[in-house]
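Below: one structure, written as structure tokens.
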Amino acid sequence: MAEPVTLFGGGPGQSEALRRLEAVLFASAGPLTEEALAARLPEEDNLSHRLRQLQTIYANRGINLVEVADGWAFRTAGDLAYLMTAERVAERRLSRAAMETLAIIAYHQPVTRAEIEEVRGVAVGKGTLDILLETGWVRLRGRRRLPGRPVTFGTTAAFLDAFSLAAITDLPGLDDLKGAGLLEGTPPAGFSVPIPRDDDALDADEDPLDADDGDDAPAL
Amino acid sequence: MAEPVTLFGGGPGQSEALRRLEAVLFASAGPLTEEALAARLPEEDNLSHRLRQLQTIYANRGINLVEVADGWAFRTAGDLAYLMTAERVAERRLSRAAMETLAIIAYHQPVTRAEIEEVRGVAVGKGTLDILLETGWVRLRGRRRLPGRPVTFGTTAAFLDAFSLAAITDLPGLDDLKGAGLLEGTPPAGFSVPIPRDDDALDADEDPLDADDGDDAPAL
Amino acid sequence: MSEDPPHLRLVDDFEDPPRTPLEDDDMLHVDVAGFEGPLDLLLALARRNQVDLMKIQILPLAEQYLAFIKRAKDLRIELAADFLVMAAWLAFLKSRLLAPDENDGGADGEELAEDLAFRLRRLEAMREAADALFARPRLGLHLFARGAPEVPIIHEEKSYKGSLYELLSAYGTVRQVELARDTKMEKRPVFSLVDARRVMERIVGGHAEWLPLEALIAAMPSHESRRAVIASTFGAALEMAREGKISVRQSAPFAPLYLRSNGMDGAETNKDG
């Protein structure tokens, strides 16, 4: 590591000259050419030498004095550049539409976009499915053996994690939903809440995904 | 002038810790709180000590490490102000009335407009509080639990930064004013001497601002 | 006459009129335009004579102020109302200081004088504080921050959050459409004014002491909505006060309300606050 550097060792004049130079360079919004520095520090008679001196003083420090294309400037030492980056986790909540779509996927999987729309009664925006795929909670499972071979969606292990479910079958059934007041009234004949499953085995009418069904650009 | 200071003399670990701290502080234009520094430098286990060390190292330099607005920042040395003609911002000249009003807000905060008027003995001009809010030095804090629910004013971190104060308790002459009972209400005085505080916690007789108390059109 | 110095109203000028120096003993510079109200003028008069504001003598100060105002009047200088109100108040204070009235405990001249002295000291102190504040090294004038700050690059990682409840209620909302729904109109909780009044007449009527409104509310029959009970009890109290049957008292804004029966001589209605 760096040798101990004795700073501002010379006479008072030298100290003052270095103080002035470092203050001006520090406060400047951009690099300063030697001409600009000379204009700011008219008493300085040996600017080039002084700049080299200051550069040596700062050589092993957290900030270095560097000569860039348009002059001199202080910059963070190259090996400390990593300090100038920060990782941040931004927590987001799903929109109402996305949450409804996710719930339908969870209960009705494997399910196609058209089937989701049938349950919701409204169209599902492409953005909603993109966001759900981005959460990592929803995945493409396969393709339904139907005209157009639509993609089927299902949930992932990360989904179970995020919603504190031990298994997808822990999702409450019709009676539980009614008991919790989440569904009210008398279900009509034929109304059912499916028992969900999220395993990898494909349904009888599901084909595997095609080789080119990349995660990046799924043909929804 | 300064004694020669031996820099970064300790072991390589100490050098590195100081280099990192100096780099992070140097890179920032505004003050960094110790919490913010700790978040940026998670390996640092003795931040307060290291900051003092760095402050000593820079004490006689053209740039100083100063404690300001609950944080730390590098600033050019005060005696070199004459060199900074290019960086000097056009000083916003406050009227005498605005300066007094700012002082009253700083020393008496949280304070309502009526209380400011009581101290000054005249009505606060329409523009005075607007101008102080515009400087960013004064903010709306809350509402006093009194008829009409008047807004309370206080100072900001930018105020501390602008006037080179480490904390609101560093206001000049604060102790003398307290000792002389001049920060108490009109006699007969209350039981305790209030100390100005600019933190966000509301007083017992302060309510939070209403949702519609926009910064643009404060209901003064 | 109020016991406090008159409330001073003069909108201060933004252009900062120069403070008139009060150097001449005979106060030739009678010009109130330079003063920010009577308190400012009083402070200038006090400072002219005394360096130590801790020992302001209010009586001579009051006399000087009155002399100043008289002179301004003689010179037919138009004075703002505040200056005249202050003059009247100081004349009153002067009479109190010279001839204390033993029987009037309300307005002790010494206390009023000390109050005024305190205000003058406080104004002076705040002016000095403003000067001290603006004498400090200021950012951008004396001290400068790094001119080319290096802004940290922040990599933001998105993380989504959701609760099982949100998931299930979303699913419920979707599937609910398929179910016939029974709609029930919720009954609005009402506690009638008549009921409240009946209880109040019984309780307040049987009491000679002040009773807090809270106690009455607590004594009301149990009801699902406390707000409705409070509203009706308060309403009934106002009605009974209007009829002169009870008195209502409150010591300060938002302080507890107290009620008392006016008994037989139900004529006196005392309601303040």
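As written, the chain order gives the labels A, B and C, with residue 1 at the start of each chain.
The rule is simple: a residue touches a chain if its C-beta (ideal position, glycine included) is under 8 Å from a C-beta of that chain, and two chains touch if they have at least 3 such contacts.
Note that the structure is predicted; figures quoted are calculated from it, not measured.
Among the remaining chains, the Cα-based centre furthest from that of chain C is the centre of A. With centres taken as mean C-alpha coordinates, the chain found closest to the middle of all protein C-alpha atoms is B. Chain A and chain C have Cα centroids separated by 50 Å.
Centre-to-centre, using mean CA coordinates, chain A is 34 Å away from chain B. Each chain gets a centre from the mean of its Cα atoms; for chain B and chain C, those two points are 27 Å apart.
Residue numbers of chain B whose C-beta contacts span two or more other chains: 26-27, 40, 74, 76, 84, 87.
Contacts with at least two other chains are made by residues 144-147, 150, 152 of chain C.
On the side of chain B, the complex with chain C involves touching residues 26-30, 40, 66, 73-76, 78, 81, 84, 87-89, 91, 95-97, 99-100, 102-104, 106-107, 117, 119-128, 145-147, 161-165, 171-173, 177, 180, 182, 186-187.
Per the touch definition, chain A reaches chain B in the complex via residues 1-2, 4-9, 12, 15-16, 18-24, 26-29, 40-41, 60-63, 74, 76-77, 80, 83-84, 86. Here chain C touches chain A in the complex through residues 144-148, 150, 152-164, 166-182, going by the rule given at the top. Only residues 4, 8-16, 36-40, 111, 114-115, 118-119, 121-123, 125-130, 132-134, 136-147, 149-152, 253-254 of chain C touch chain B when the two sit together in their complex.
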